[in-house]
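Labels run A, B and C following the written order; every chain starts at residue 1.
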Amino acid sequence: MEILVPALLTIITAATPLLFAALGELITEKSGVLNLGVEGMMVMGAIIGFVAVHYSGSAFIAVIASMLAGGVMAAIFALLVLRFHASQVPTGLALTIFGIGLSALIGQSMIGIAYEGIPHVSIPFLSSIPVLGALLFSHDLLVYFSLVMVFAVYYFLNKTRGGLILRAIGDSHDAAHAMGYSVIRVRLLATLFGGAMAGLGGAYLSLAYSPLWVEQMTAGRGWIALALVVFATWRTGRVLLGAYLFGGITILQLHAQALGIGVPAQVMSMLPYLATVLVLVLISRDLGKIKLNAPASLGKAFHASS
Amino acid sequence: MNEADHLIELKGMTKTFPGVIANENVDLALRPGEVHALLGENGAGKSTLVKMIYGILKPDAGDILFQGQPVIIDSPAHARELGIAMVFQHFSLFDSLSVVENISLGMDKDVPMETLAEEIREISDRYGLPLDPHRYVYTLSVGERQRIEIIRCLLQQPKLLVMDEPTSVLTPQEVQKLFVTLERLADEGMAILYISHKLDEIKALCHHATILRLGKKVAEVNVDDESTSSLAALMMGEDLATIVKQDHGSYGEIRLQVEGLNQPAFDSTGISLDEIHLDVRAGEVVGIAGVAGNGQDELLRALNGEEKCQSHACIMIDGKHVGLLDPNARRKAGMASVPEKRLGHGAVPDMDLVDNAFMTAFHRMGLLARGLINYPKTRQFADKVIEEYSVKTPGSHVPAGSLSGGNLQKFIIGRELHQSPDILIVSQPTWGVDAGAAQTIRQALRELAANGAAVLVISQDLDELMEITDRIGAICGGRLSRFYPTSQMTIEKVGLLMAGVSLEGDSQDAA
Amino acid sequence: MLPKLAKRPTPSRFMVYLSPVLALFLSLLAGIVLFLIMDVSPWTALHAFFIEPISSAYGLSELAVKATPLILIGVALSLGFKAGVWNIGAEGQLIVGGLCGGAVALYFYEQEGFHIIPLMMLAGVFGGMAWAAIVAFLRVKFNANEILTSLMLSYVAGLWLNLMVHGPLKDPEGFNFPESRIFSDSAMLPLLHEDYRLHIGFLLALVIVGLGWILISRTLLGYQIKVSGAAPAAGEHAGFSTARIIWVTLLIGGGVAGLAGMIEVSGPIGQLLPSISPGYGFTAIIVAYVGRLHPVGALFAGLLLALTYLGGETAQIQLNLPVAVTGVFQGLLLFFLLACDVLIHYRLQFKQPALAARGA
């Protein structure tokens, strides 16, 4: 238990940034927009969150700032893709390149500064239950918030009219447009939500997971979040499962050395990336399954015609 | 006529698009309980007119009176509020959603799903439109999908129902059922504006007809006073040349032969081909009828080699096995094909006509020289196709996507015909093409056969198949029916084949 | 009133070429704003960025050295992007190519012979190809998205190189630094002029530009690539196998990126280090786009993007500006390019037409 509980706790912290980013991208993709710029939005969220907490001292302000940063990045993407009809794949790549560059520029003066990490909330009484207390009731607020968001996203997509409209637009923007729904507006909102969530995921890295700023500290997590959405076949519950699975793999890599497994650190660090490839292969094998679950107009440009 | 009786009245409707006058000074009036036909060829301006009624397009000029009151219909929602509902030719449906979700999206108010499902069941019982509210749309046939649209309209209890070419996707039997429903609605006092270019249907269903030609109203008639041929004359404005068919018995050798072709579905949403047997002789035009989505696309792809067969022997060109050859090798062997979808399948929209001409012709026309593309020669070939098939275009340098549907179809068919193939397989040769060009294309197909080629036409247009084919069969659920001489068939009999029913007591020679 | 976008009847050829120029201009404007925010004189900064680096023969030689991998990979990626094959893991293919080429160099350490460089090139090309072949195989066989797999494999390649220079390929006399031995002269690319670092790799890049041009504009394969990218179903109809196009474009991309990696280690670097590329593989994506997915365009775009690297270094030395400005500028350039490209298919309409159709 002495090893297991801390290990499980770190799995949760490792999974949370992925969970935020993947939930956001899920909503974006469900509306038919493929934003490959998750990595760029995350890394911007990470630096802006860190800068905000450094100057304000308030974790709350930092979280809001990071979501705004992700949102602004997403707004650039939305402007290009939805207004200027730019193709989604290169625009997403541009967002990532730009985000990595800009975050490095902003973060220049933040290197080497430490932050004590956002406070954990121990729920009185419950957190003192042995094992379970530590596992379930003594996280930072963002962990709980991420789980609330899983439920909120599920409820929105499947139980509300807004969710129905969003899914409809992702399925056929032409049909939705013909019915009088505003494809552009819904996609804009979905993209902004995706950006805010990615920004939050990035902030979780720089505020909680390893509270400091390192250039490119997202290290491909934005891309893994994209892969998680495919792994989840665009279903909310499976996003949760996937995020925790990948959290587990990340932690396995960190703890392997402690457990005395004689594999070089670099090989262990490859694990999350190799696992992503493996997972993509396993899920994508069945083309019919992807076709049935993927939003049919994903990545396709929408041109409003009369 | 007393104007006050009219449910809706359009006066002087005019709509122009850059370079085209779609509607010019068109009048139209409907009474409650009236089934009114809007008749005209493709491109006559029918769709533009109804889009203005439904608030999708804004008229440049003209007035609309609804129940005697002048109205400006500025959105589909406004049209629905007034009591106007529309069933589109191309359905606005979401494949991954259920029937009830689809209908809910088309409603202006948010009704709880269960209540809505109950209402759907009620309407579907009352008007003979069977439909399970909880099925997913991708599992439904085209006819069932149309029912969703109709039920969606009926749920709003409209006063005017607009139907845009509703029967083009139905079997003749389904058409009969639809007419029963429409007549019942008219009896209950609903006005129905029925858009079509199919004269038999209009004779059978409609009271009045307004005829459009080139954007102008040319006549309004009482349908009972007209014959189909007088309606046709009004619609076309001129008599069209009739197709000359070759006599029976003068066909040559079998050129295309298919023996026991089986093809599993590409994925869970596709159709599998089941024991396809087929042969087409030199000089013969054979037709395959069928409702869309019954395996036509799969059949074309299997025949032209886009999907390879499981054995080499299942497809033969002039007796040679080609089942495992790719499309290019089959082209070398003399087979050409024209897919249903022009943009993106038969042609690349963003490439110019020269590049598009090269696409399927480079081998037979010798457009490659020492591994490099011979562009001057390709341009000559493209220009020749444009000239010979009177494709209207500023030149061969424009992208294929900028041509109108009919002109692009002429170009694609011309590209294949110009290579004088021994076998031509063509799907929906005249879909969306105006009547004049359609006739040119049909004539060209007959001529190709007359010169000794084997021609296979896959089409949803029964009139077309009856007109140009020598033998006809149908495809249903990936299975082919037997084939019968067209001269011994009626539309109704083909309709049965399309529905997968075999003709009873038939001892005719199917060869 | 904001201008409206109106669809052009046919795409504008003129805008295809004007758009990158416009984008560069807008990026410079944005750069001025950025420098003002950073409290640096924009003129001094722009001068340091874009004029200073190329105002000497040495600077021009450095430009060509930096442009070499960008042009090479940019040409190869434009073929893939034209076919709709999104190989964005060229960075990884470059690393594996460099690693393989470098391993050959170290194997022949302190040996003489004209066979060494060609063998290194072969190793680099095959290394990059093998890395890209994994992506092609997974895509064709299992339909796995090549964007994600190629990118994941880039991270893996980076870690692999890191592992190798920490382990088997570490310089035995290198005081345990994670670096290989410095290559012998026989494993270094010949220089074009002894005073400058410019090496024959640049000529190789020019040859690749020429070959790429012929391939895409005159050969059946190039035609197939264009058709498959513009309308995959039409490609199938014409009998061009999609799987083959995926294989071919990825192998070309991987092979050329691998060659670029070998050129880097055997040219300017001269040994294996934990990092052998400042993101050339990713910047080459921008090169391909700015170059209009055309090999000749990639030549010019490669030189331009190389200048942003050089300029970033000069600005760092002279004005103490962070190197990251380069990345920001590159990102901005691609953004503006994608935005300006709207003018290829649309034109600006400043007056609302009286009879506009209802839109959403």
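Throughout what follows, a residue touches a chain if its C-beta (ideal position, glycine included) is under 8 Å from a C-beta of that chain, and two chains touch if they have at least 3 such contacts.
The model shown is predicted, which means the values in this text are computed figures rather than measured ones.
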| item | value |
| --- | --- |
| Relative to subunit C, chain with the most remote C-alpha centre | B |
| B-C or A-C, whichever has more C-beta pairs in contact | A-C |
| Euclidean distance of C-alpha centroids - subunit A vs subunit B, Å | 45 |
| Subunit B and subunit C, separation of their C-alpha mean positions in angstrom | 47 |
| Inter-chain centre distance, subunit A versus subunit C - centres from mean C-alpha coordinates, in Å | 28 |
| Multi-chain contact sites of subunit C, meaning residues that touch two or more partners | 357-358 |
| Contacts with two or more other chains, residues of subunit A listed in rising order | 180-181, 287, 306 |
| Per-residue multi-chain contacts in subunit B, two or more chains | 56-57, 75 |
| Residues on subunit C engaged by subunit A in the complex (per definition of touch) | 5, 7, 86, 88, 138, 142-145, 147-149, 151-153, 155-156, 159-160, 162-163, 166-167, 282-283, 285-286, 289, 322-332, 334-335, 338-339, 341-342, 345-346, 357-360 |
| Residues of subunit B defined as touching subunit C within the complex | 16, 55-58, 60, 74-75, 304-306, 326-329, 331, 337, 339, 341, 343-351, 355, 358-360, 362, 368, 371-373, 398-399, 402 |
| Complex interface listing, subunit C residues touching subunit B | 9-11, 214, 218-220, 223, 226-227, 230-231, 233-234, 236-239, 241, 355-358 |
| Residues of subunit B that touch subunit A when the two form their complex | 51, 56-57, 75-77, 88, 91-97, 101, 104-106, 110, 138, 267-269 |
| Subunit C-facing residues of subunit A, complex | 36, 76, 79-80, 84-87, 89-91, 93-95, 97-102, 104-105, 108, 177, 180-185, 215, 219-220, 223-224, 226-227, 230, 264, 266-267, 269-270, 273-274, 276-277, 280-281, 284-285, 287, 290, 303-306 |
